[in-house]
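Sharing a structure with you now.
Think of it as A, B, C, D, E and F in the order they're written, each chain with its own count starting at 1.
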Amino acid sequence: MRGDERLANQLRDVTITRNYIKHAEGSALIEVGNTRVLCTATVEEKVPPFLRGAGQGWITAEYSMLPRATEQRTQREATRGKLGGRTMEIQRLIGRSLRAILDLKDLGERTLWIDCDVIQADGGTRTASITGAFVAVVDALTNLRKRGTLQKAPIRDYLAATSVGMVNDEMLLDLRYKEDSIASVDMNIVMTGSKRLVEVQGTGESATFSRQQLNEMVDLAETGILQLIALQTEVLGDISSVMKKQA
Amino acid sequence: MRGDERLANQLRDVTITRNYIKHAEGSALIEVGNTRVLCTATVEEKVPPFLRGAGQGWITAEYSMLPRATEQRTQREATRGKLGGRTMEIQRLIGRSLRAILDLKDLGERTLWIDCDVIQADGGTRTASITGAFVAVVDALTNLRKRGTLQKAPIRDYLAATSVGMVNDEMLLDLRYKEDSIASVDMNIVMTGSKRLVEVQGTGESATFSRQQLNEMVDLAETGILQLIALQTEVLGDISSVMKKQA
Amino acid sequence: MRGDERLANQLRDVTITRNYIKHAEGSALIEVGNTRVLCTATVEEKVPPFLRGAGQGWITAEYSMLPRATEQRTQREATRGKLGGRTMEIQRLIGRSLRAILDLKDLGERTLWIDCDVIQADGGTRTASITGAFVAVVDALTNLRKRGTLQKAPIRDYLAATSVGMVNDEMLLDLRYKEDSIASVDMNIVMTGSKRLVEVQGTGESATFSRQQLNEMVDLAETGILQLIALQTEVLGDISSVMKKQA
Amino acid sequence: MRGDERLANQLRDVTITRNYIKHAEGSALIEVGNTRVLCTATVEEKVPPFLRGAGQGWITAEYSMLPRATEQRTQREATRGKLGGRTMEIQRLIGRSLRAILDLKDLGERTLWIDCDVIQADGGTRTASITGAFVAVVDALTNLRKRGTLQKAPIRDYLAATSVGMVNDEMLLDLRYKEDSIASVDMNIVMTGSKRLVEVQGTGESATFSRQQLNEMVDLAETGILQLIALQTEVLGDISSVMKKQA
Amino acid sequence: MRGDERLANQLRDVTITRNYIKHAEGSALIEVGNTRVLCTATVEEKVPPFLRGAGQGWITAEYSMLPRATEQRTQREATRGKLGGRTMEIQRLIGRSLRAILDLKDLGERTLWIDCDVIQADGGTRTASITGAFVAVVDALTNLRKRGTLQKAPIRDYLAATSVGMVNDEMLLDLRYKEDSIASVDMNIVMTGSKRLVEVQGTGESATFSRQQLNEMVDLAETGILQLIALQTEVLGDISSVMKKQA
Amino acid sequence: MRGDERLANQLRDVTITRNYIKHAEGSALIEVGNTRVLCTATVEEKVPPFLRGAGQGWITAEYSMLPRATEQRTQREATRGKLGGRTMEIQRLIGRSLRAILDLKDLGERTLWIDCDVIQADGGTRTASITGAFVAVVDALTNLRKRGTLQKAPIRDYLAATSVGMVNDEMLLDLRYKEDSIASVDMNIVMTGSKRLVEVQGTGESATFSRQQLNEMVDLAETGILQLIALQTEVLGDISSVMKKQA
């Protein structure tokens, strides 16, 4: 049993609240245990300069934490005047993951801006961001479809993410901050509804890991991600207007 | 009747949720109509360099808006690499207002960091920040008192704020964004529980105003602020451990 | 009697030197006691992007202090790499105040850049900037009229500003730095020639103030501002080519 | 056969030149085909603030590309005034990878600064940086041992890295830029001499990948990394003074 | 005859006004034709970190232009967020030139901050800055001597500077902006009262120059600089308390 | 004899390796003793905004040092977020020097970007940059001529640079870092193949120099520069396709 009464292979309680923000084209508040991330999707009817005239769309993500999302107050990046390396890495990961399940040609010449703002942090903020952002994207695109401005269904598959780690030689699913901070190996996995891998990032900061552990960690992540996708499916209901038909 | 079914002299519905964030020493989510601001108070057991050894404390505030708090997505100041003038002006106002009702000597050699993050914006975010921050400060100081680290009650009085404006020649209390953006005169007033003025900021961007209008606007603001302070009183309950006895 | 032999309700000696800078379309050196501010007005024959095609002009202001304008040398903002909050607040105030008496449609599609550079500071630099900038603007617009490029008279009224404060329970007009730094309440008022208010900014940093004090402070400011406008009138002479006829 | 006459599972020619820079405590120029990275290791006899008094050392890495390392000239990050996300991600990866095989306690209270500067880029610059940096670190530590300032052997194992990718449905080892830019899946693997994984970063930007492909890609990377470590062993000769004895 | 009725070898009219700023330890407004530079010298009773405990002082200079010093308004470097290359080059030149005639050991462990702010520019602002800064430095040091805090006379010699250039194949002394902007060769010379060279910076942007021209330009500059030093001598009067006795 | 067995008037060994970088239109690695600078020339088929439609080209230079080019590791300017004054001064010097021997009209509407990156520093990096950049420029232009895109020969003359300094009252050619750091006078000279001066920058930081010394230093520099140009001539071979015929 873990500190929060979970089994090693158990996710935390997850809640997804759609349409949390009235102004955004799509928005979702995702809560994974005490981690709370507000995800919004904004539609901009143009593409960045490098894609002008290319007949396709773009999706880009920004990530930030409120100063008191963390146990100790974190200085604002706006006050420091620049983004830290961790922030940049996470926002690149979120954008890349969503691009993997989006058909940018079918999105048309528009940009989706994804904003993931961590209201409260307790581990797993980047994976919660991806899981929540998927819901916001679906809602934003559904709205476009309803308004008739989006011609096709641009989404190829569901998308969710979770973490796995080695803590005191035990393999744990969905790490809280307390577990994450003492994990010898830390892995973030992003996966689709059809169990295809999108990102595998396994890191041993002070330790290394074996091929067998790599495989077991991906196995464990998969069980968690399928539960997250089941929740997305339940929360979103029918999304056939934006999801491509599976062959 | 205004667009949202209010009378000219009527506040929007206001809700204050205490302890919204588990990590912060004090926190409050304040909702004024569709405006939602998350206020936290952080206690740091040291003072900035210019006050070292001065035998007193300090309070400072930071303010920010999430990108999709607004109708059109606003670029992050962290991405632009610097704070805008509006942000700086607002965070200076929040800090100054709270300093007016705090006895910094009785606070002791510690710093209160106030963070006001606008989750959703619909006018009046700076005044809602002040009203909500007061609650977060009370809770943070009450916690210090309970832990026995704070010797005295450092708060002199309640504190709240609201806006008043001239819209189409009518004087309105507590402007929504839609009203604020067409107001010819805009005034923000910060006031204490004993009706003392802390800040009066009246501005005519494209118009001017008379002495009589100044007076009437302050009168109208006072009625709103007293209601806000009644709500703070109700939400906070007994705060005698941190509030100085009134002479 | 105050330290510099003034009565409580007395302005410092004020001098305005027109055309101080040969390159600028309009310029004025304003001296208020030991405070010296160089104000220039630059005409640019285009408007910022957000006003393109809107058939109106714009006015914007920048404010800065030379490092040794102050008693202790102040670090340059150019060296620090960013503007401070105080600077931003002041330049927003100057721009907003001038916009209140300018008819931007009659200005035509051009931008007025106001630069207020404090050569020597002894309190009241922001209000001196406004009073001096008005003169520079009049001269710049008069030059445009002479050249025939400006079709109409775009100025609605005279504009000047001064400060009032509570120092040791006494209400003083036009504070020097020494007075300002110990004032419990500090107020800046911007007013037109017809006694209409443009900005009222009253602030109690460590104290609060009553409704009656608010009124008395505005009364006192008015007496000072009318003297400043009398001086502007004298210095400028006939400005009927740029000043709209009063109804 | 690939464009440069290699088999799918074949590394490019690799050369490592030790002591390329006379000033640095350790340095190596690594050439992997046309990719050329200059790696230096600098010893600083102090640790960053967060480790003061912790009785351990630190290692940190910086990465940069010369403007004409690339086919099109790339703007300098110094000229842009900030590091890009890709640079930050790579320097975090290099530092983390080296920390995994370094015993920071045995390093003592000193910092190793790793600089990886790409002189010419043709794909695989981050993995070449890791492979080359290992050699620079060994040389820097060997010098410390010779001077008698380093008490123990702080290295746990050899360390090298390479890339694998899916290009036109074929799995290729050690991608050139031309291959990398059209790869549907891209994986970077960092591994030790005893075949333990340090980092696995698999990314599908516009495609996804299966569990089986993940396994085969790690297999293929392993064959390449073992050849790189054989080269390191040959180039470095006896490193027993800095390498811990294997249990 | 030149446009302003000068001979080729004639300086513009030069005026130096001492003690222009009441707050500064030393200050001088120097006017060279239409060029006006305000120079101040600030004494700080500590040295920069790299000189702590070295038993000597330091002198450093900053240079800036007001936006409307120039014919076209120049954007503020504070607004752009960084100093331009020209500014950095000039402030390095001013500091270096003054260091050449100051005995830093005899200055004691203090820093002289020189600020040169161009109020109006018409060519030769960097050389006017040096000539004016010398006067401000003498006054600041004389004040230190009077207060008894400075033990010795730290100045070795007078210091002044001027420009020379080739314009339409004619060699001109002390270029105005109009001449400078079309000069094929431009030279700035800094020289002491005993005709020793401190800086010679000759530049042909679109042309080159011969050895003979180099010599003639330095000759011509010398005649101008000796006149400037005569003016400094007259303006400053007896400076024996800060000037070392000449051997 | 100097520390490295040179006579006072002797250059260090100089090697120039052409085409060091495969991607660049022109590139040269220049080694002057232990100083090693990689110079590249990039051709961009457009001009900066201020020259659009002016019927001429442009040349601009950037300069940087790798962190371990120096004996002590130097912090990266990209990490600090801004260029230092020394860097800006040097890149302005390199650009200006090359412009003096280039006919910008005959270059056509294109920009030459020169990058000088110091791999290892031992004094004289700015003069080595100029000497090496000339070779890279010739190669880049020769390539343009071969491709037929450049109509005329835009180079007017050879160009090289060296340093001279006063060290312990002795005049030395081509200073190493060890000599440069104790020189009382330091001079950089840029000269053409026909012995015309392009830049003369003589600086006495803590000392001054006489007219006679100025002349002797330029004489000595000339002997060195002619040797450098002889080497350029040998390395480059026939450059008549890009060099204008001498009258």
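Operating definition for what follows: a residue touches a chain if its C-beta (ideal position, glycine included) is under 8 Å from a C-beta of that chain, and two chains touch if they have at least 3 such contacts.
Values in this document were obtained by computation on a predicted structure and should not be read as measured data.
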Just grab the chain with the largest centre-to-centre distance to chain A, centres being mean Cα coordinates.
E
Chain centre separation (chain D, chain F; CA means) in Å
34
When the C-alpha atoms of chain A and chain D are each averaged to a single point, how far apart are the two points in Å?
29
Centre-of-Cα separation between chain F and chain B, whole angstrom
60
When the C-alpha atoms of chain A and chain C are each averaged to a single point, how far apart are the two points in Å?
51
Mind pulling the chain B residues that touch 2 or more other chains?
81-83
Looking at which chains touch, is this a line, ring, star, complete or other?
ring
Sequence of chains encountered when the ring is traversed from chain A in the direction of chain B:
A, B, C, E, F, D
Given the complex with chain C, which residues does chain B contribute to the contact?
82-86, 88-89, 91-92, 96, 99-101, 157, 192, 195-211, 213-215, 218
In the complex, go through chain B and note every residue touching chain A.
21-24, 27, 34, 38, 40, 42, 44, 62, 64, 66-71, 73, 76-79, 81-83, 87, 113, 115, 117, 119-120
